[in-house]
Structure formats: structure tokens, C-alpha cells
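You will see chain A twice below: alongside chain B first, and alongside chain C after that.
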Partner chain A sequence: MMETALKALFILLYATFVGFMFMGIIRIVTARIHRRVGPPIYQPILDTIKLLSKKSNITHGVIYDFGVLYALGATILAIMFIPLGNIGVLRAYGDLILITFLLEIPMLGIMFAAMSSGNPYAGIGAQRALLTMLAIQVPLGFAIVALAEFYGTFSTYEIVMAQQVSGWSIAHLPLLLAAIAYDLVLQAMFGKEPFDIMIAPGEISLGPMVEFGGKHMGILQIQHAIALFAETLFFSNIFLGGAVVTTFASPVLNTIASLAILLVKQIAVLLVATFMGAIFPRFTIDQAAKFYWKWPTIIAALGAILASL
Partner chain B sequence: MINELMIIIFAPLIAGVIAWALDIKGVREAIGVIGAAVPLAYLVKLYPTVMGGELIQYNVTFAGFTFNFTLAPMGMIFAMIAGVVGLAAVLGIVSTARSSYEWLFALMSLTGVFGIFLSYDLLGFFIFWEIMTFGSFMMVLKYNRKASLKYFVLSVIGAYAMLVAIGIIYAKVGSFSFVEVYRAFSQDAALGMVGGATVFSRSEIALIFGLFLVAFGVKAGTFPLHVWAPDAYTETNQSYTAMFSGVLSKTGVYGFILIYMLMGYRLMAEFGAFRSAPAFGYIIAFLGGLTIIVGGLLAALQEDIRKLFAYSSISQIGYILVGIGVGTALSIEAAIFHAISHALFKGLFFLIVATIVYRTGKTTFADMGGLAEKMPFTFAMAFVAILSLAGIPPLVGFASKWVLFEAVISQNLPILGGMVFFGSAIGFVYLIRFTYAVWFGQRPTDLDDTKDAPLPLAIGMAILALLNVVFGVAPGLVARELNKVIGEEAITGTIWELNLGFGRYNALAILIYLIVGIVIAGIIYFLGAKVRKVPVTDTYQSGNPVTMEYNLTIRRNFFLPLKEALAFWLRISFDKLYRDIGSWVEDLAEVLRNYVYNGNAQSYAWYLAIVLVILAIWGV
Partner chain C sequence: MVDWRLFDPLFEYARKRSMWIVSFCTGCGGIEMPPLATSRYDFERFGVMPNPSPRMADLFLITGYVTPKTLKRIIITYEMQPDPKYVLAHGSCPLNGGIYWDGYNAIKHLDKYIPVDVAIAGCMPRPEAVMDGIQKMMELIETGEADGWKRYKENYEWYRKNQDELFGEGWREKTARRWIPWLMDKKKEVKEE
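The block that comes next holds the complex of A and B.
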């Protein structure tokens, strides 16, 4: 019981910290591509501390407050189910479909909070976020189906272990196709260009985020950090082999080595998204839907059909 | 002695007749609720016996036919759904009924439903099917004649299809009894395997299957036979729709399961398998998949709150059909599980809609907004229903959907897998539209004195919401009973945990960690400075000060981009096709009337002469 609680606490702190670092990395890399210097890597942490310590906060009612808390709570829930190297609190229940759903439900909380404010920008942002989600769900679904059918299990942990024997998922053609589709989907999950339609800075004033400020925004920053960590971690686990190091005698060294390997993979995933985000302009929402329903869907469906043969 | 089964079946009808005949306000409500509560009480009482493996039977001989009523585990589960949701809906009707007429027909259709689930022969099944259809038809007729006619025509097509199929079976088997029919079909299957002469030929089997597909497809609202449902669900008492969508559509689902129970072996032997699903089942599953997508997309584009949930109901039935179609023990359990959760959350949704319509008198999204502050209880109920339908753990909607996803995908059926995934996203989409337009944002001034739900409706909603949560946190309660129904340990685990062998789901762990997560978030929240509440006009408006005269909420065409992206597909409408066929028939009749039946005695005399000449040439 105590051990589980400590593990959970470790996962939570590690995910939050690394997530904030990821946010910093995104900002620095984007700045370098723009030939700017960019902020220091810890800038998002400073921003969050500032937001949380604001003296004046506004609310639009109970749902506005609860939605924000729900979003962070659900993200913390999701991170517990994804295997993190040798550490896992609920990895025995880390079901592919469950995690896919859990990664989506924080958005429900944010949307409830945003919409309850009654701001029209939040309304249109919610509409765009939902349609983006509808668009990505088709390739995402096929990619998950391909994985489940290839490995014959829905357990993320078992998939990681299977990859230790048979090589990374992307070494197999059906799963390579699924991985390509899933990576395109990740772009929208991160809310990066060309699929940053839901927040669309400078167009609809950050959409769902428009009304949040002070500690609400601070909590959502933490949520964003953990979600970033969770999404990259999930991708690394299911497609890039995860990391289960057993070479050292000491379990602590094994854990550190696993985390380091995972971190490299996660940053690789993140950088691909950042590069794509830095060079593409924004799609409109119907262009995004048509895009996702065309190429990623075809690729992922092909992967799923090949995997099921 | 008065038999228990007869009480279960006829108590609602008798109560309905008494309520209608007395027509005293207050008394008829009490009688109606008793009429719905009595069958449920008896079902609960008989539940341990039936689930223990004992069948309760009763035979009635009438006009030379023996009707056999049997309470078997499968029928028991469905009858329980009908009992619970029926009672909740009847509580809703207490608040919303306009006359005793509604009591009579609402309870009559409930009798029909119980009769269907308890009948153990095709004739009784058909008769109760018709009683149910008649009751629900009268309920729609009262509100909208056109919608009721559409429902009626499609129901009649379904009923004739069923009648013909039953007729063929009776002619060959010589009995209506499920037991005899099952025996005949299994013998046929065995004979067919070894190449012997079978009672039913291949084409006859295909015909019977096709006819049943139409009959049950109409009632379940399968694409492309769904067109009656949006109109009929909309144009009636919304409390009754909780029963209409939650229970009556389940008779179609039950019918599909019946196809498996009676003819499964034979169909499998005759038509083989597609991948790992039976070929005939794959047809059902694929239609189910299309139903999910079509129903869901159309739900997202509706402007009327009742229509949205009508289409959503169609969409959710699609999941059940996918589960039935895949045809493994696990997938059929998943289908029944989803049938239970569909009845629970969709019954709840329609009671919420009934409350909104009852309290505001409005039905379109354009007229609503900001009701969460005025109707906190109803909003809380809606919150549970939304989470359940959208498939958010740990509610029952997720548990059943999860089992269904795994059951389908584990059978290596990628296309169906993709379809169910898309369905879950579209559920999210239309629910948020409902949430945004009804509960949040700017409130029209004429809704300022809206009251919360009346007590009977609130009780009805609370029953269903409680079950949504209980079965969600403890899905094993349901899974254990489903194993008994199927007679196979397809889902193992404890009451908190579902274990399928290749995937595990622990609802209690999810609940605990979700609470822990929210508590952590709450600590951060309460460490921060105090909050100040601001009104809806005090939001970021690009530096433009606004008052309540400005429209701040997107009320119409919320998903316009979706409509644009789907413009090509939306032009194809089966509803329109049927209407076109209808108008062609009318045109044809018009032509006949002009040229043949022209009302001229002289031409009728000519027809007579021509017929006589033909007969004479024939030599009759």
C-alpha cells in the first residue's frame, strides 16, 4: 500500500517535471527554428507559479471550477495506467482502449469549464476541438485496432514486453503504417500546427482557453504538462519499444536506465511534432477533417487489415 | 390459480384500462405506477429462481393453439430492463401525461413488451409484438399523425415480414414452439453437414433470415430502416420515449438474439463464416456499424433536442447489433451488457428531455441556454447520463462499450473495430452540443423563472442515474449474470473487475485514482487565492463591452463545418428515398384513377366486356 502510494507519487512528480521540461523544449526549439533565442527551458514552470500565485481570480460558477479540477484529475488518472519502464501502479489494467479513452476525457473537463463561462470564443473553440477529435478518431481507432490484432492482447504492458523479444513495433509493416497514422494524430492531440485549430491563437483568442486565468490557468498548465508526458510516453511504449532494462544488478540503476531510454524516445516524438508544427500553417477545420479522413485513415486501415490477416 | 407470469404480462394492461376508465386525476396516476411496479416486483421475486437455472413455465390453450410462456434467463434479463426502465418512464408520465388516453396505451405497450420477452412460441411472440406496436402507434398518433403513419407503415412491413417467416416455419415444422423450431433447425444443420436432405432448403433459410432481419431491423431502428424512429421518438410524450427508446427498441435486439438461439447453427452451417464471425452475423454487424455512424452524424446535426436523442438512440443500438453480429459468447454478452446500459442512460436522457420540455415548453436548441443554474438537480442527472453515454469510466456506458470493443477487435475484424471507434467520438460530439446549448451560456430572459424537475420525474431520473453509477463501478454484478445467461464464463473477475483474458478493466481502481487526482487538483486549487464570481457578460469580448442584448451563444448550426465537410453524403437520404417511392406510388394511383378508374360507367362496362371475352377465349 505504502509502496504503491510512493510509486504513484514518484510517477506524478516525474511526469509533471518532465512535462514542463517538454513544454520548455518546444518553446526553445520553435524559437531556434524562428532564429530567436527563446526563453530558458524552465520558463513554463515560472509561468505556472506566477499564475497560481495570482491574488485575483474569477470564476463563472461551480462547473467552471469543477471542470478544471476534473481535467487535471483525469490526466493524473491516465498517467497511472501507462507503463513507465519498470515502475507501474496500475499497469496490469493498462488496457489500450482504456488509455485511449482516458487520454481524451480531460478535454471533456476543460470543455465543460470553458463552455460554462458563456464566452462565444470558448463555444467556437469547443466546437473546433470536438470536430478535430471526430476527425482524428478514425485513424486513431484503426491504429489501436492494428496494435491489438497484431499482438493479440490489449495490455500495454504485454505489448511492451512483446517488443523486447520481437523488436520495435515499427519494425513490422502493419504497425509501421499504424505508427505513421498515430503520429499524425498526435499532432492534433498536442494541439500543434497545422491542427491547432481549436486554440488558434490570434484567430479565436485561444478558444476554450480564453476565459481561464490565475489559478485555473495554472492548474490547466500542469494538466497540459502531464498530458504531454502521457501522450509521448504512450506512443513510445506502444510503437517505439518502450524500455525495460534488466542488465544491471541494482533495480535502481535499471529504473534510471529505463527512464533515460524512454526520455530519449519521448523527446524524439516531441521533436517530430515540434518541427512539423513550426513549418506548417494552420488548416481550417473542414480541411483538417478531410485530411484525417483521407490519408491517415487509409494508411491506418491498411495497417489494421494487414495486422488482422 | 392466477399465474405469476400472467400477472407480469397483464398487470400493466389491466392498470391501464382501469386508469383510462376511471380517469380521475390522482387515482389514475397511482394505478398506473402500481401497474408498472407490480411486474417489476414479481420479476425481482422470481429472479433468483430463474437465474438458478429453473425455468418457470405456463401454458394457455386458446382457440386450438397452445401458448407457452416461459421465463428463461435471457428473457429475464430483458424483462428486468423493461421493468426498471418502464417504471422510471411511468413515473415520468405521472408528471407529463395529458390525458388518461396516454396511460392506457403506454401501459398497453409495456404489456406487449413483457409478453414478447416471456413468450416461448412464435405465435405468442407475434401477437404481443403487435400489441406493443399498436400501443406505441397510438401514443404517437395522439401527438402527430404524419409521424405515426410513417411508424405504422414501416411497422406493418416489419410485421408482415415476420408473419410470412413464421408461416414458412410453421408450414415446415408444424409447431410454433421455440423448442420444436430449435430442434428442427438443429437437426437440419446436422443433416446439412453430412449432405442429407434438409427440411429447409438453402434459399428458404436465406428468405426466413432476410424476413426476420427486416422485421427486427425495423423495431431496433437499424440503418436503413431507421427512418421512422426520429419522428416517432420525437412526436410523443417524452417520458414515454424513455420507454419507447429504452425498452421497445430492445425487442428488436431480443429478436436478433432469437435468430441466433433458434436458427444459429443452421445459418452457420449453411452460409459459413466471414473471417471469424458467422457470415449471416457479419451482415447484422455491418448494418450495425453503419447504423452507429449514420445515426451519430445525423444526431450531431440536429437542431431539436428530442431529435438529437432520437438519432443518438439509433446510433447506440448499432453497437448492440455489432456485438450480436460478431456472434461469439463474449460479444453477445457485450451486446446484452450494452443493451442494459443503453436502456439505463437513454431512459435517463429522455426523462431529462421530458423535464426540460415540461418545464420550458421549448424543444429547439435555439430557444435554450443557461439552464444549469435553474435546474441543478436535472443538470446533475444529465451529467451522469452524459458521462455514461460518452463512455467515460467509471460509468456503465464505458464498461459495456469496453467489453464490446474488445470482443469485436479480438475477433480480428478491423473494419468493425474502426466503426465502433468512430462511434465513440461522435457520441462525445453530439453530447457536448446538447450540453452547451441547453445548460450553459447566456439564458434567454423568458427562461428566468424555470423550476427544477417535478418530484415523480426526479424519482424516475434518480433510479436510473443510480443504476448507471452502481453498474459502472461494479460492472462484475452485470457480467456475472450475463455469464449465467450465456452459460459460459466469458467474462471473469470480481465484481469490480472485468477480465477477458486479453484485457482487464478495474472500475474501482479508476474511481479511486480519479478521486485522488481530483483531490490533488483540489488542493492546488484551494491553496490559491479566493475566487470572485462574474456574470456571463463579464467575459473577454475583444475589448467590446457587451450586455445581455448581444447573442453570446452559438445556438444554431453548431456543427456547421461538419455539415459542410459531409455535404456530399448528406444528400443521400433513405428517408427521402422512401418518400419518393411513396410519391411514385401516389402518382401511379393518380394515373390509374385518371385513365382506368375514371368513374365513368361506360368504361367500366367495357372492362367487364373485355374480361368476359378473355374468359370466353380461355374456355372457362
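The block that comes next holds the complex of A and C.
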């Protein structure tokens, strides 16, 4: 019991810290692509401290407060289900579907809060976020089906273990197709550029985020950090082979090596998303929905069919 | 309970190094913002980030001359920001009217309506001058001298009196009715019932 609690605490702290570093990396890499110097890597932590130390706070009711906490809670629950090297707290048979579901729940929480604030920009942003979520469901579902069909299991842990024997998922053609589709979906889940329709700064003033300030925004920053960590971790677990190192005698060394390997894979996933985000302009919502229902769906469906053959 | 005063130096440092600006690009100063944000002068080095929403903004940039129409928006946007908040007036127009010193429709002293922490002189100030102003603002935040938001609370009567003299009583309700008619009308209906 004590050990599980310690593990959960460790995962939470590690995910938050690395997530903040990821946010810093995104900002620095984007700045370098723009030929700027960019902020220091710990800038998101300073932002969060500043937001949490605001002296006045504006609330718009119970749902407004609850939605923010709901988003944070769902993200923390998701991170507990995803195997982090050989540390895992919660494990269930169908957790492949559960994690996919839990990674989208935070957006719903933010939408509750945004819509209860009554700001028209927040309403438009929430509508757009809902439409984007609707658009990404189809390729996401096909990609998950392809995975489950190929490995014959819905358990993330077993998929990671199977990859230690048969090589990375993306080495197999059907799963490579699924991975490409999932990576395109990941772009919308990060809210990066071609699909940042819901937050669209300068067009609809950050969309759902427009009314958040002070401590609410601080909690959302923490949530965003953990969500970044969780999404990249999930991708590197199911497609990039995860990391289960057993070469060393000491379990601590094994854990550190697994975490390091996972970190490299996560940063690779993150950088692909950042590069795509830095060079593409923004889609409109109908273009995004058409895109998702056409190309990633075709690719992922092809992968699912090939996997079941 | 934790005594949060212990962490005040950390908070001041974070406030200094992470100013999110909402810029009110009224006059010609708005054109100085793109060079500041892009690769030539890059103010993101100091954690300054342009932000469209007043709710999460710290630094309020007023870039250019102010007319009574825009002043209404400035006051309401300023009051929407959570404390602590800072105001940086940009150019000589908000200071003393600038070239509009005898204009019938320009506000000569912005300081009478909202507290200004740092004012940059010039017509227009070059991006270097604005960077200098931002540096000055960072110094003031660290030493705790940027207390415009405190002054606004303490002297609210005086600021309110000046604003009402210019716009007439009840201007907030009138403006709000124009901006958010559905909200104001609903309140009215409830009252009538």
C-alpha cells in the first residue's frame, strides 16, 4: 500500500516536472525556428508560479471551479494508468481504450468551465473543440483497433511487453500506418498549429481559455504539463516500443535507464509535433474535420484491415 | 497555515520574469509591437508574452493616443485584469497629449483615469526605448515600487470622479448594455418580475 502511494507520488512529480520542461522545450524550439533566442527552459514554471500567486481571483460559479479540477483529475488518472517503464500503479485489462478516453476527458472539463463563464469567445472555442474532438475520434478509433487486432489484447502493458520480443510497433506495416494516423491525431490533442482551431490566439482570443485567470489558469498550466507528458508517453509506449530495461542487476538502475529511454522517445514525438506546428498555418474548422475524416481515417482503416488479415 | 510572505521574493521574481501583456494598440504604437515580438528584439527572452485575454494579463500596454471612446474600453479592460497588474504608457500621447495637445477629442493625461507605472517618452518610441521601459518595469516590480494597482484601489474615489466627470454618471452600465445586451436585458427582466 505504502509502496503504491510512493510510486503514484513519484509518477505525479516526475510527470509534472518533465511536462513543464516539455513546455519549455516547445517554446525554445519554436523560438529557434523563428530565429529568436527564446525564453529559458524553466519559463513555464515561472509562469505557473506567477499565476498561482495572483492576489485576486475571478470565479464564475461552481461549474467554473469544478471543470478546472475535473480536467486536472482526469489527467492525473490517465497518467496513473500508462505504464512508465517498469513503474505502473493502476493496471486493467481494457486500459488501451480507457487511456484513450481519459486523455480526451480534460478538454471536456475545460469546456464545462469555459461555457459556464458566459463569454462568447469561450462558447465559440468550446464548440470548435467539440468538433475537433468529434473529427479525431474516427482515425483514433481505427488506430486503436489496428493495435488491438495486431497484438490480440487491449492491455497497454501487454502491448509494451510484446514489443520487447517482436520489435517496435512501427516496424510492422499495419501499425506503421496506424502510427502515422495517431501522430496526426496527436497534433490536435496537443493543440498545435494546423489544428489549434479551438484556442486560435488572435482570432478568437484563446477560445475556451479566455476567461481563465489567476489560480484557475495556474491549475490549467499544471494540467497541460501533465497532459503533454501523458500523451507523448502513451504514444512512445504503444508505437515506439516503450522501455523495459532488465540488463542491470539493481532495480533502481533499471528504472533510471527505462526513464531515460522513454524520455528520448517522448522528446522525439514532441519535436515532430513542434516542427509541424511551427511551419504550418491554421486550418479552419470545416477543413480540419474534412481532413481528419479523409486522410488519417483512410490510413488508419487500411492499417486496421491489414492488421486483421 | 503556511506563511506565504516567506515566498514573496520568489513570487516577485516570477512576476518580474513572466509578464504577459495585453496591448491596447490604439495609435501608431501598435506597429512597434511586431519588431519587439519577433527576431530583432525578441522580448520573449524575458518571459514577456503577448496575450489576447485581459484575464490572464499582467502588463497593460497602451500604445498611442487615447480618445474618450477608447478610454472607456481601457478602463474596463484594466478593471478586468486580476491583481497585481501594471500599466506601461507608450509614447508621449498618453503622457501629455503629444501632438494632439490641442485636440478636442484626445485624453491629455491618462494618469488621471488609470494609474500608470512606467511611461516611455517619444513620438514614437523606438523598440529599444520600449525594451528599456520593460526593463524599468521589471526593476520596479522587483523593488515593489510598481504599485499602480494598489493606488487604484486606495484612490478609487478620485479616479472614479475623474472618469465620471468625463463620461457622465452611469457610463459603465450604458457601455455594458451595448457590449453584452443579452446579459443586461435578462437582469432587467428578472427585476421587473
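Simple rule for what comes next: the second predicted complex is superposed on the first by the 306 of 309 C-alpha atoms of A that agree within 3 Å, B and C clash if a C-alpha of one lies under 4 Å from a C-alpha of the other, contacts with A are read in each partner's own complex, and residues count from 1 in each chain.
Note that in this section contacts are C-beta pairs under 8 Å (C-beta built on N, C-alpha and C of every residue); 3 or more make two chains touch, one makes a residue touch a chain.
Values in this document were obtained by computation on a predicted structure and should not be read as measured data.
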Contacts of A:S308 with chain B and chain C, given as first, second, both or neither: first
Which superposed partner A:A31 touches (first chain B, second chain C, both, neither): second
Touching partner for A:N86 - first (chain B), second (chain C), both, neither: neither
First (chain B), second (chain C), both or neither touched by A:I49: second
Contacts of A:V210 with chain B and chain C, given as first, second, both or neither: both
First (chain B), second (chain C), both or neither touched by A:G61: first
First, second, both or neither for A:Q164, with chain B first and chain C second: neither
Footprint overlap on chain A, where chain B in one structure and chain C in the other make contact: 53-58, 118, 205, 210-211, 214
Chain A partner contacts - residues on chain C that touch it in the complex: 7, 10-11, 13-15, 17-18, 20, 38-39, 42, 44-47, 51-53, 55-56, 58, 81-84, 183
Of chain A, residues touching chain C in the complex: 27, 31, 34-40, 43, 46-47, 49-51, 53-58, 118, 201-202, 205-206, 209-214, 217
List of chain A residues in touch with chain B within their complex: 8, 12, 52-61, 63, 65, 68-77, 80, 90, 92-93, 95-98, 101-102, 104-105, 108, 111-112, 115-121, 123-124, 126-128, 130-131, 133-134, 137-138, 140-142, 144-146, 148-149, 152-155, 205, 210-211, 214-215, 218-219, 222, 284-286, 289-290, 301, 304-305, 307-308
List of chain B residues in touch with chain A within their complex: 275, 370, 372-373, 390-393, 398, 402, 405-406, 409-410, 412-415, 417-418, 420-422, 424-426, 428-429, 432-433, 435-436, 439-442, 502-506, 509-510, 513-522, 524-525, 527-534, 536, 538-542, 552-554, 558-559, 561-562, 564-565
